[in-house]
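Just dropping this structure here.
For reference, chains read A, B, C and D in written order, and residue numbers begin at 1 within each chain.
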Amino acid sequence: MDESLMVLTRLLMGLGHLALFLVAAPLLQGFIKTSKAFWQMRQGPSILQPYRDLRKLLNKEELISEHASWMFLLTPRIALVSTLMAALVIPNAWGWAPLSGWGDLFLFGASLGLVRLFSTLSGLEGASTFGGMGSSRELFVGLLTEPALLLGLIVLAFITGTTSLQGMTSGLVTISPIFIPRLLVLIALVMVSIAEMGRIPVDNPDTHLELTMIHEGMLLEYSGTSLALLSFAEQVKQLLLLCLLAQIVWPSGLISASDGLLGLLWALGFAGVKVAVLGFFFATVESFFVKRRLFLLPNYLATSTAAAILALVSLWFIRGQI
Amino acid sequence: MFSKGSRSIRQLLMSLSIGLAVVGLILGTVLTFLGGEWHKTGLHFFTEAGAGISLTWKLDGLTAFFLCILLLGQSFSSLYALGYLQEYEEKKKPLRSFYVSWFLFLGSMFGVLLADDGFTFLLTWEMMSLFSFFLVLYEHEDLQNRKAAYIYLIMTHVGTVFLTAAVLYLYAMSGSFAFEVWAKAAPTLTIIQLNLLFIAFFIGLGTKAGFVPFHIWLPYAHSAAPSPVSSLMSGVMVKVALYLFIRLVWLTLGPGPVWWGWLFLAIGALSALIGILYASVQSDIKKLLAFSTIENVGILGMALGSAFLARSWHNAWAMDLALLAFFWHTLQHMLFKSMLFMGAGNIIQATHTRNLERLGGLLKRMPKTGLGALIGIIGITALPQLGGFWGELLLFQSLWVNTSQLLNGWSKVVLPLFIGLLALVGGLSIATFVKWFGISFLGQARSLVAEKAKEAHPVQVITPLIMSGLAVLSVLWPAGTLALINLPLLVMRDGETLGIGSVIGKPIHMTSVYLMIFSLLLLTVVILSKRKARRVTPTWNCGSPLTPSMQYSATGLTKPIRILFAKVLGSHRQVDRNFEGTPYSLHSLNYEGEIKAVFEDIFYRPLIRGLLWVATQIRKLQEGNIHLYLGYLLITMIVVLILAR
Amino acid sequence: MVGISENMLNLFLFVLLTSGLIIVYSTRVKKALNWWTLQTIVVSILILVQGVYSREWEVLVVGVLLLIGKAGIIPILLRRVLRESKTEWVGEIYLKRTSSLVVAGALTLLAYDVTKPLVTLSQPGFRFGLVVGLALIFYGLLLMMIRKVAIVQVLGLLLIDNGIFIAGFFLTKGMPLLVEMGSMFDILIGIVITVILSKQMLENYHSLNVDHMRSLKG
Amino acid sequence: MFIGVAMIAAVGMLLSTKYNYLRLLNSVALLLLTVSGGWTIRQTLSQGSYTYGSGLLYWDALSALLLSVIIMIAVYVILFSFGYMEAEIRENRFPKERLRWYYFWIWIFIATMLLVVSTPNLGIIWVGIEGTTLATTLLVGFYRNKQAVEAAWKYVILCTVGISFALLGTMLLFAAASPLLGQSLSALDWRMLPKVASQLDPTLFRLGALFAVVGYGAKVGFAPMHAWLPDAHSQAPSPVSALLSAVLLNCALYAILRWYSLARLTTLGPDLIGTILMCFGFLSLALMAGFILMQKDIKRLLAYSSVEHMGILALGFGLGTRETIWGASLHLVLHGLTKANLFVIIGNLVQKTGTRHMSRIHGVFKLWPYTGIIMILGLLSITGTPPFGTFRSELSILSGLFKTGHPILGFLTLLFLTVIFAGFLYHFLQMLYGQPNESQQPGEGISTLILAIPLLVVLFLGLFIPQSLNQTLNQVVQVILGGV
């Protein structure tokens, strides 16, 4: 009886967790856009614009390329769902993840990988040059980011002694924010997430110039619902990455449900602020840097990988285990 | 068209093969559930071979697991062959030799798995190589295939030289061929002897398994063979070699020094990286798969290495994880790689080309084949929620545990790097299979043959789907899979007896949960996003009409990889443009790009050249001059007289 | 050698050895053949004397057979072939006559050296007999190696045979009759066959020059 | 008695040139030969040894083994040569009336070999061996063309020289033994010799043994004295080649074995001869690997492989442990059968294609599937691939190498065998597959498969070695180790 209750509560909490991410994702997107507008000294769109875009797209008629097959329609759904699967292992404002268990940091990376697989495949669906180009570049970036991301997370896992993201977050609380390996990991992960989010200097999210675009290239054929789902998935992913970073930067303020509603709200607000700050930071980066050439990316991501490895080495040095 | 007789023969024989496999599976299951100590101690039986030698066989948990793999592979490949062979009949190509070698090949694989002494092992092992060689040779009209078969047999034979040497050495040391006796004798050997034996086994078995740098035969052979055979070779035969690593090294030579584990890990990583790199730049659908086999063998090798390390560091948890990863991945890879080879087989029969550049848009024409292939690539790229992913997760975890349990030492830095490398391999494999699937199935047909492609014989499309069903089942019911994996673990774990359940945390048991949640979410999303208004339009191409040649080519898709790893691949390109007078109008452009087979150039060509040189020198001895011959005689006489004084 | 005085024996041996050397040295086939015949006769005389003295009819028979068979039939056969093929010179190859003589000397020393452990054996002059035998064997081989006319190679063969015979004779007073007859018979047949062969050679190559036959290689 | 049969048969061959007559006579002779031989073998094996007449003829297990090999292969080869030689005449490779001479010499040849294995006397063995040389010389030169004459000449010269060394060796032995056993045949009789073996004069015996081993070695074709062998085998008519490599070499080896087993009992001991044999064997293997790899002429290929197998045998016998001798004796039989079969089938092939150049033969499987199958079987058997019997025999020899503490040697041997395997496989694939050239007409009767009988025997022995054979082999081991 009571364990079925347990299950039920767990399920509800999980749904809430998802809902939170779903709701917050476009907001973050809007916030980043506005902060970019701020740096560009212009009157940006309202912070709620992403919601409107999504609604508009959802209601639009959908155009499908004549060369496309059923995969074309499958991709956006898979992309969104897989991103949500990733969301299920990301600790939320309260440092709680519904599906946490050891090794789920690999699950996080792999889910994003699944998204990549499908989106690159459907990039080829349209039989157009742009799609193929997008896919090709995306694959390239992807295979470079994956090691960096994984190594960074692994080092955190070593610091905290667990491979579950939730455990890591709670473990990091007790560790000083200026613990050197941690800082190095931070650098690594920040660089990685820039690549993952498809932002300058890796990719330019708001251009459709064939020379520059990577991610948009694959989406070129999409419209209506599917496009909505895809961009929504993109936004969720962005939020996930920021959450991850946020919990690493300063995972304090995880106030468990025991502190009552106020506590919960406070934690939520705190997390929100952290994410917002990070978002602003990325906006800043994006406004102050330029996009690099594709073949300069290896060096860029190599840097982040190196940072991760350095973090590893330094960790063992500090612990005096080498 | 073709004779009724041959058809009925085909159906008879192949269903016989399937039947045997199914019966075997059922028997195995019954035996397993009857329980008893047999999977720990083993069931012994033997056949008399005269002259005091008798072939001894043993069935224990380890063997049982691999037998299960073999039987699955056999049943599915036979089912597939049932459809696939029809084409040969239509071409009036006699199938006698195929059937004979088919059954003998399967039989000898059983033999290798069951063999319990060195003599039996060598006998069956050689026969396995031999009959697989005949199968590879089946399409001998093509010179390339003959070359492939030749390289294959020679390579395995060289491998066998090392095996034979090791076996005979152990025989000389222990005075018996039986594995048990060896296991008893092993501790008495000096460390140098052990190391030598290990190296011999490593080279011998590694050649068969396809470890870099002994892998060169594998891409040729696996792509030259008919698809059912390729799926057997990639799915099962390679695993047999790995089985022997466990049987002969893990169980017989014992723990051994730490560097064995490191060697496995390093060679495994090398194979994985090289394999997937070469796969990513292939344009031949079967070669690509073959190279990816090398990659997966590498991953399995890494798992084995991690297990060896954990064993020598007495780290039970990491060892269990690694072994679990090993067996899990063995099973999954068998399923997925066979599926992919079958998909490739369908494509080849439909289009009669293996060149990606001439395919495209097949998903519309062969949807069922496409579905199977899609599931296949999700599995083989180790992405959630299929089994492939969980295997790698376990491997990651075991490496991680290994590292964190270590007290100190540089290993703590090196081991995690392997995790990073594995991640890189994962990324590359995604790229590879996006290329494989995307170029062949998606977009526009790049040639007339692809245009005309028809869906294959129903059996050939059903088989992969059944296999994918099995793959899903293995994830949906992890308890069953784990029970299967528990069999070999019982044999391999020395000492402690806690079941896997206790050491393994929950994720691996929750695979089903993950899968269900995933499919639920997918369902909801699909339902929610039901849209009525859809319109099919031409692809937007800046207003100009879209031609197939405008799509990204297979070569183009992975070009960044080719450029990034140019050093490793030894890839180079040559473009010569021909301008008509003015530099503004390009008259013609000729592009040549090639990938060097670096290892052949570094290792094998010089070796062979040297050998032939020596041979020509020797031949000079016999140059037709009788006086010279008499001279040999005299000199021999004198030398003997002088030396033997 | 009871029955023959020490010096007598040494004289015999000397004749045998020198005849061998002369065969190696000679440039005309016929001359070499003659010298070989002489050598054979000497050998058979040696045996006959021995036989007469020790009254062993076996030995006598062997001696007579030797005289008839080897010294009689074989030279005739070979001469006929020579006449047909009109070969006169032994074709020198690799070694000229003088240098071949030097090599022959070296081989003699080798034979001497090889038989060193046998000094202890009974009977006077025994060892020298063995040495001469071995030396003749080596001469034969040498001859076959450095002359290209087929008949000369046959001569070499015969020389070897003589050598063996002498060696055997000095080692033991001849082998058992059966074996002796057998070997003798073999030699005879052998020569007949080589003669047939050299006839065929003539048909095919129009000369007895062995050096033409180099088509089978590798 | 069967020697008599053979002799009479030989003479009988000369009486007429009619095919049917020859066939009939041959068949009768073969029948008699088989019966009498089989009876002798049974006697020998049941009693361990068998004496005939006044002790002039004597067999023990070893001779019985050789005897059986000779008879089996003689039957197989002569039956084959009916069709083959007549076809040769049709392609007028030689005039019809010479056919009887062919049979005459072949029967003489067989008779001499029978003599070799039926006498207990080292002297008479020598006579027999020399006899085989003479008997085969004209067979080698049978086609009377340039190459044939050349081959025959080299053959007779080299072998006779070699053999004459052996005669010297025999004389030395006689010199050593006659003081003890008297000036009679018994001084060369290996039933007597062991009794006095320990008192034999060491220096004499040592010198004698050396001469004998090298001399007979030349006849066996150990490298580097093998030069005559490929020429002779490639030029002789294929049935003769089969007899040469499958039986004659074994007979010469048999002579060496007699010396060897005698030497084991003397003060000389097994080591010296054993080592020499092993050196010969290893050298043969090493060199033949090179020759086989680069070979162009198919019959030469087979010839070289015979040398290689003689090398393996030498290794086996030279090592001198029970296991290796057992393996070597088995290998002696198996190699005989395999090689005879190969020469026969290849002879067919050469007759059909009219060339011995492997690079000019293609698509055998397309043209003559059964021949192709037999060739595959032969390839596998000659390279010692399981499940053929040769695998077992070679394995036991190799294991002996490892056991007696020559792992390096064993490993190298394995490598050489692999190189040889590579060579064979390459050449055979080249011939079996690919596009045949138009000139040849395809098609052959299923009756071709009858030719595969010896190979099937080898295959069977690979899977199961019957008790009786095993016993025989153990007896052979006993003979070689224990002298008598």
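Convention: a residue touches a chain if its C-beta (ideal position, glycine included) is under 8 Å from a C-beta of that chain, and two chains touch if they have at least 3 such contacts.
Treat the numbers as computed from the prediction; the structure is a model and nothing was measured.
Among the remaining chains, those touching subunit A as well as subunit C are B. Ranking all chains by how far their C-alpha centres lie from the centre of subunit A, first place goes to C.
Across the structure, the highest number of inter-chain C-beta contacts is found for A-B. Centroids built from CA atoms put subunit C at 70 Å from subunit B.
If you average the Cα atoms of subunit C and of subunit D, the two centres end up 31 Å apart.
For the pair subunit A and subunit B, the distance between C-alpha centroids works out to 35 Å. One inter-chain figure worth recording: subunit B and subunit D are separated by 45 Å, centre to centre, where each centre is the mean of the chain's CA atoms. In subunit A, no position touches at least two other chains.
Counting partners per residue, subunit C has 114, 117, 141, 144, 153, 210, 213, 215-216, 218 as the residues that reach two or more other chains. For subunit D, the set of residues touching two or more other chains reads 153-154, 157, 161, 165, 230, 291, 294. Inter-chain contacts, as defined above, occur between A-B, B-C, B-D, C-D. Subunit C contributes residues 93-94, 110, 114, 117, 138, 141-142, 144-146, 148, 153, 210-211, 213-218 to its touches with subunit B in the complex. Interface of subunit D with subunit C (complex): residues 121, 123-124, 126-127, 130-131, 133-134, 137-138, 141, 144-147, 149-154, 156-157, 160-161, 164-165, 167-168, 170-172, 174-175, 178, 183-185, 187-188, 201, 203-204, 207, 230-231, 234-235, 291, 294-296, 300. Residues of subunit A touching subunit B in their complex: 58, 61-67, 69-71, 76-78, 80-82, 84-85, 88, 99, 101-104, 106-107, 109-111, 113-114, 116-117, 120-129, 131-133, 135-137, 139-140, 142-147, 149-151, 154-155, 157-158, 161, 163, 220-221, 224-226, 229, 294-295, 298, 305, 308-309, 312-313, 316, 320-322.
Contacts from subunit D toward subunit B in the complex involve residues 153-154, 157-158, 161-162, 165, 206, 210-211, 213-214, 217-218, 224-225, 227-228, 230, 272, 276, 287, 289-291, 293-294, 326, 365, 380, 385-387, 391-392, 395, 398-399, 401-403, 405, 407, 410-411, 414-415, 417-419, 421-422, 425-426, 429, 433-434, 463-467, 469-470, 473. Touching subunit D in their complex are the following residues of subunit C: 114-115, 117-118, 120-121, 133, 137, 140-141, 144, 150, 153, 157, 160-161, 164, 167-168, 171-173, 175-176, 178-179, 182-183, 185-186, 189-190, 193-194, 196-197, 200-201, 203-205, 210, 213, 215-216, 218.
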